[in-house]
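Listed after this line are the structures, all set down as structure tokens.
Two complexes follow with chain A in common, the first pairing it with chain B and the second with chain C.
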Partner chain A sequence: MATYIINLAILIGINAILAVTLNFILGYAGIFSLAHAIFFGIGAYTAAVAAMKFGADFAAATAAGMLVSGVISLALALPALRVRGEYFVAASLGLQMLALTVFSEWKSVTGGIGGLIGIPPPRLFGFDVSDPVLFLALTLACLGVILIAIRALVRSSFGRSLKAIRDDETAASALGKNVALLKTLAVMVSSSFAAVAGSLFAFFLSFINVESFVLEVSVQVIAMVIIGGTGTLLGPVIGAAIVLLLPALLTYLPYLPPTEIGSIQQMIYGLAMVLLMIFRPSGLWGYGSSQDRKRAAP
Partner chain B sequence: MLKSRIAAAIAGALLWVGGAMAQETIRIGANLPMSGPNAELGEIFSRAASIAVNHINADKMLSKKLELVIEDSQATPQGGVVAMNKLVSVAKVPYVLSAYTAVSKAIAPIGDRAKVVSINGGAVGPDLAELGDYFWNVIPLVNFEAEVLIPFVVKEKGLKNIVLIFVDDPLGEAVQKVLRAEVPKAGGTPAGELQVQRSTQQFASIAAKVRELKPDAVYIASFGTQENQIIKQLRDNGITQQLMSYSAMSTPSIATLPEAKGGWYTVQSADFTASALGQRVAKEYKELSGKDANAYVANYYNAVMVFGILAQQLEKAGKPITGANLLEQRRASPTFELVGGKMTFQANGTVAAPVQIREVDGTGAGKLVK
Partner chain C sequence: MVFLQLFLNGLQLGAIYALTAVGFSLIFGSTKIFHVAHGSAFAISGYIYWWLASQLDVAWPVATLAAVLAAAAFGLLMERFIYRPIQRHEASFFTVFIAAFGVSLVIQNLIGSVAGRGMETVTTPLSRSVEIMDGLFVAPISAISIGVAILVFTALSYFLGRTHVGIAMRALSENPDLVRVFGLDPGRVAQWAFVIGSAVVVPGAIFTAMTAGLNPAIGTHVMLVSLAATIVGGIGSVRGAACGGMLLGLAENLAYWKLDPQWSEAVTFVVLFAFIIFRPSGFFGTPTAAR
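Here is the complex of A and B:
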């Protein structure tokens, strides 16, 4: 039982990193991306290749993933400079489709549809961290560092500028903010941190293929952020926990036939989203009303 | 009054615990897609497995009652890993039924570490033969199927020029490799290879290329809706040559497709009428689902029966039923008499099983050709 809970906690941690990093651009900068799973995938593939072909340990493989993801994020940042709102959603969707095709077709690197099998057990500074407890500690440490980094960034002038862009891009620009640069940096930071989740995922599963980085994954991460609360630090973590725990808990209902779990789960998701939008439009961890938000604002 | 209530409660609790202990069971797991677009297949697999569990219990093959614990893989690697961890750590099963290539690849390392056997009865990708000692396949992989069909088509039917339409994934590439080797060996000529992307659904240009190549027969190596669309659009675009494929053609949506009529395909021998066991399975499956049993029913029934036979042998030898002992026992006695005939496990965990060649006749079950 303990191993199951630990493994579930590892996946919650990995998804929480994804949700927190998406929230950085979605909640604080107002950039609505449908391509977050791609940076998750770039991190996973880069780390896997670094470990399999060059014998890199977790730290080196993750650093490589962050670097590659940060550079490729410019492909997403570029349309973000020119379009906003629903137009950016369409642009990010295009990137999601394009990158997914590259994942499927660049067989010498990604293994194509078949994926990469036999990713070696993770090592960190010479120590084997493949034991589930150690790997959970590693995942939580990564999540903790990313949360601290994002908290610091959000509270800095950079974060305040992002929020200004989110609330009114034209006004922020009129006040002398370099909107293009700020958006580019925000997307780069978010994508680099998302690659950490990818690296953890690759080492955890020992196998990755394109099916783990599809559009549905991007949408699921958005759901985590919205359920938890956009623009909050811990909301996405709570959202990730709920989205992953709900199906796991439903399987414990003894009278529920396994064939019905999927449809019941979807109904609960749908109902929860509707109820959230009615009663907690800012998510579970978000502010209850616009008055609360104003009161809490610095 | 209070004391008597407490005594009654304690007695009740003891009875409950005693009852639970008396009902101790042997558990095996099933990591199958029970939700989402693939739930239909998960339902077929789990029903077939349940029939085998009922048979093992009814025939008292094991000292305790066998129980099947089903978890939903959602047909995704992450979902499969969550389900596998639960089966291994919570239900503590020694044996897990698996389906879908990506799920199988994701759960294989967990089974390997925990020494828990995973057995696939649905996916046919050739890379499933390389997932370690604890990953077994009870379904012949696609390369084995293609090796059976080509000599029949080229030598017996005299269709020498073969065009291959294959999906760009390990399955398609495996068939490509087999055809490159087997077609010339049988005396035929590979007339062309046309690759399609996994997401492609429009095949008019592929049909045009087939027309240019003027083959005697076309081998289609795809699956699901795409396989269906390729067949339909080839016929719609005037391709009249013989079509052929592997077991994907036996899925109900293709087996009843008018455009697929006359197509030849290979499938694991699942002649339910050939033995009393097969008739028993087919009858009960029909009663349970209202549908005719197909090869998948045989595979998942067989997967559970393999466990039942191995576990019975272990109990007779006084050994505990663990994944490691199941593996050792399978190596010691690799041949099983199951639905469809005799099945022998190879050293790498794949099976050599009888393969039939059938023709799509529009009824769903198809006509036996060889």
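Here is the complex of A and C:
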């Protein structure tokens, strides 16, 4: 039971990193990405390959994942963000589909559908951190560092420019902000941080395959951000906890067939997204009324 | 000969894509609502047809009519109970998008729970291929889907150019305030756009059910194709969306010459990305500045 709770906590931590990083572009910059699971996956595959083929420790493997993820996000964001918001939605959905095919077809690197098996236990500066409690501490430390970094970024002039762009792009560019560049940088920061979650995930399971990076995962992360509250620091963390505790709670309902739980979970958060958008667009943790929200994010 | 075969297959798939993308483009053009739940209308009408025609042996005209009614009702209900309440307090791209996305998530899982998560096809003699030339196989369904696509586009351009509702719809896309000044109800016109835009996907959904087959996640693929075709054709241009859909269908099939079928979505992405880089305004769109 204790192991179960620790494992669940680690998964919540990893997903909280994903939600917090997606919220950085979704909530603060108003950029909508459907490909967050792909950057999660790039981080996971890069870290796994770095550890298996080159014997990298956790820090080096994570850094490699962040680098690859950042470069690929740059290639996506640079052209797509030049035009309009709808284009990035379409381009990110396209990337989600394309990258998934690459994950399952590039067998020499990703192991194809079967995935990568036998990722070595994580080592950090010579210490073995594969013990669940230590690994939970590592996950929470990563989450903490990312939260602090994002808080600092949001409060910097970079973050204020992003919020200005979200609220009124024309006005921001009239004030001399390089809108496309700022947005591209935001996507790069978010994608590199998402790769940290991927690295943690790969070392945690010591096995990864395509299943963990499908569109449903991107959507699930979006649901976490929306349910928790966009544009708030802790909202996405709470959202991640709610969404991941949901299936665990559903298993206690006696009359549900176990095969339908995944489907019911998705229906519940799909419905939650619809109802929240109609009645409380700021999410559970967000600003109280839609009037406040209008001032914060029209 | 392989080329000709792939080209013909591409025309058929392109006709289906064009029919799908046109509905999305019509709705987006006139109401400015980014209706990503459009793929759900496709899935719903496809599954209704499959259930009636293949499970209950209902005659095809009745099943088609039921599919059209289901798609139109879905569009109408979305406008009435999702988009309108949201737009009453906040009309940002973001809120509308999330709500529509949530709906498509619910529909996809609902279909999966009710009809099963496997591939479902409607068997019909029309999809049996006949060798018309040495090594060239064509099924009657190809000719039918291309013919129906041409028919629907002719009807649609007549509708948009000659009827009052059609003209009002085009007016709504250009200037909603002026529509109100002329004494028309923009909400009513928007409802028409949703009804017609959703009903137009039905032929594509039925032909897909007869050829490639349906699965609950098909809405996502339809969504990607509709978005890509709309951007490739030029946002707001119905004619452009039709051409974009046709181009994507052709590109996907011609790629089979060298690539395996699992790369079909990759081809869509490459075409979309090439347009975003080199011609962001699409075939028929007016150049749009960064917004």
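The working rule: the second predicted complex is superposed on the first by the 262 of 298 C-alpha atoms of A that agree within 3 Å, B and C clash if a C-alpha of one lies under 4 Å from a C-alpha of the other, contacts with A are read in each partner's own complex, and residues count from 1 in each chain.
By definition in this document, a contact is a pair of C-beta atoms (placed from the backbone, for glycine too) under 8 Å apart; a residue touches a chain by one contact, two chains touch by 3 or more.
Nothing here was measured: the structure is a model prediction, and the numbers come from that model.
K.L.:
Tell me the contact category for A:117 with respect to chain B and chain C: first, second, both or neither.
P.N.:
In the superposed model, A:117 contacts chain B only, not chain C.
K.L.:
Looking at A:232, would you say it contacts chain B, chain C, both, or neither? Reply first, second, both or neither.
P.N.:
Touch partners of A:232: none, neither chain B nor chain C.
K.L.:
Considering only touches as defined above, state whether A:281 meets chain B (first), chain C (second), both or neither.
P.N.:
second
K.L.:
Classify the contacts of A:89 with the two partner chains as first (chain B alone), second (chain C alone), both, or neither.
P.N.:
So A:89 only meets chain C here.
K.L.:
Which partner does A:105 reach: the first (chain B), the second (chain C), both, or neither?
P.N.:
A:105 contacts both chain B and chain C.
K.L.:
Per the overlay, which chain contacts more chain A residues, chain B or chain C?
P.N.:
Larger number of chain A residues touched: C.
K.L.:
Would you check which partner chain A:215 touches, where first means chain B only, second means chain C only, and both and neither mean what they say?
P.N.:
Touch status of A:215: second partner only.
K.L.:
Is A:248 touching the first partner chain B, the second partner chain C, both, or neither of them?
P.N.:
In the superposed model, A:248 contacts chain B only, not chain C.
K.L.:
Which of the two partners, first being chain B and second being chain C, lies in contact with A:271: first, second, both, or neither?
P.N.:
second
K.L.:
For chain A, give the residues common to its interface with chain B and its interface with chain C.
P.N.:
Residues 101, 104-105, 263, 266 of chain A touch both chain B and chain C.
K.L.:
Tell me, which parts of chain C touch chain A in their complex?
P.N.:
34, 82, 85-86, 89-90, 92-99, 101-106, 108-110, 112-113, 220, 223-224, 227-228, 231, 235, 262-263, 265-266, 268-270, 272-273, 276-277, 280, 288, 290-291
K.L.:
Could you please specify the touching residues of chain A with respect to chain B in the complex?
P.N.:
For chain A paired with chain B, touching residues are 1-4, 7-8, 11, 101, 104-105, 112-115, 117, 204-209, 211-212, 244, 247-248, 251, 258-259, 261-263, 265-266.
K.L.:
Quick one: which bits of chain B touch chain A in the complex? Just the residue numbers, please.
P.N.:
For this pair, the touching residues of chain B are 34-36, 39, 42-43, 46, 70-72, 74, 76-78, 81-82, 85-86, 88-90, 101-102, 105-106, 108-109, 125, 127, 130-131, 168-170, 197-198.
K.L.:
Help me check something: in the complex, which residues belonging to chain A touch chain C?
P.N.:
Residues 30, 32, 79-80, 82-87, 89-91, 93-95, 97-98, 101-102, 104-105, 169-170, 173, 179-180, 215, 219, 222, 226, 260, 263-264, 266-267, 269-274, 276-278, 281, 290, 293-294, 297-298.
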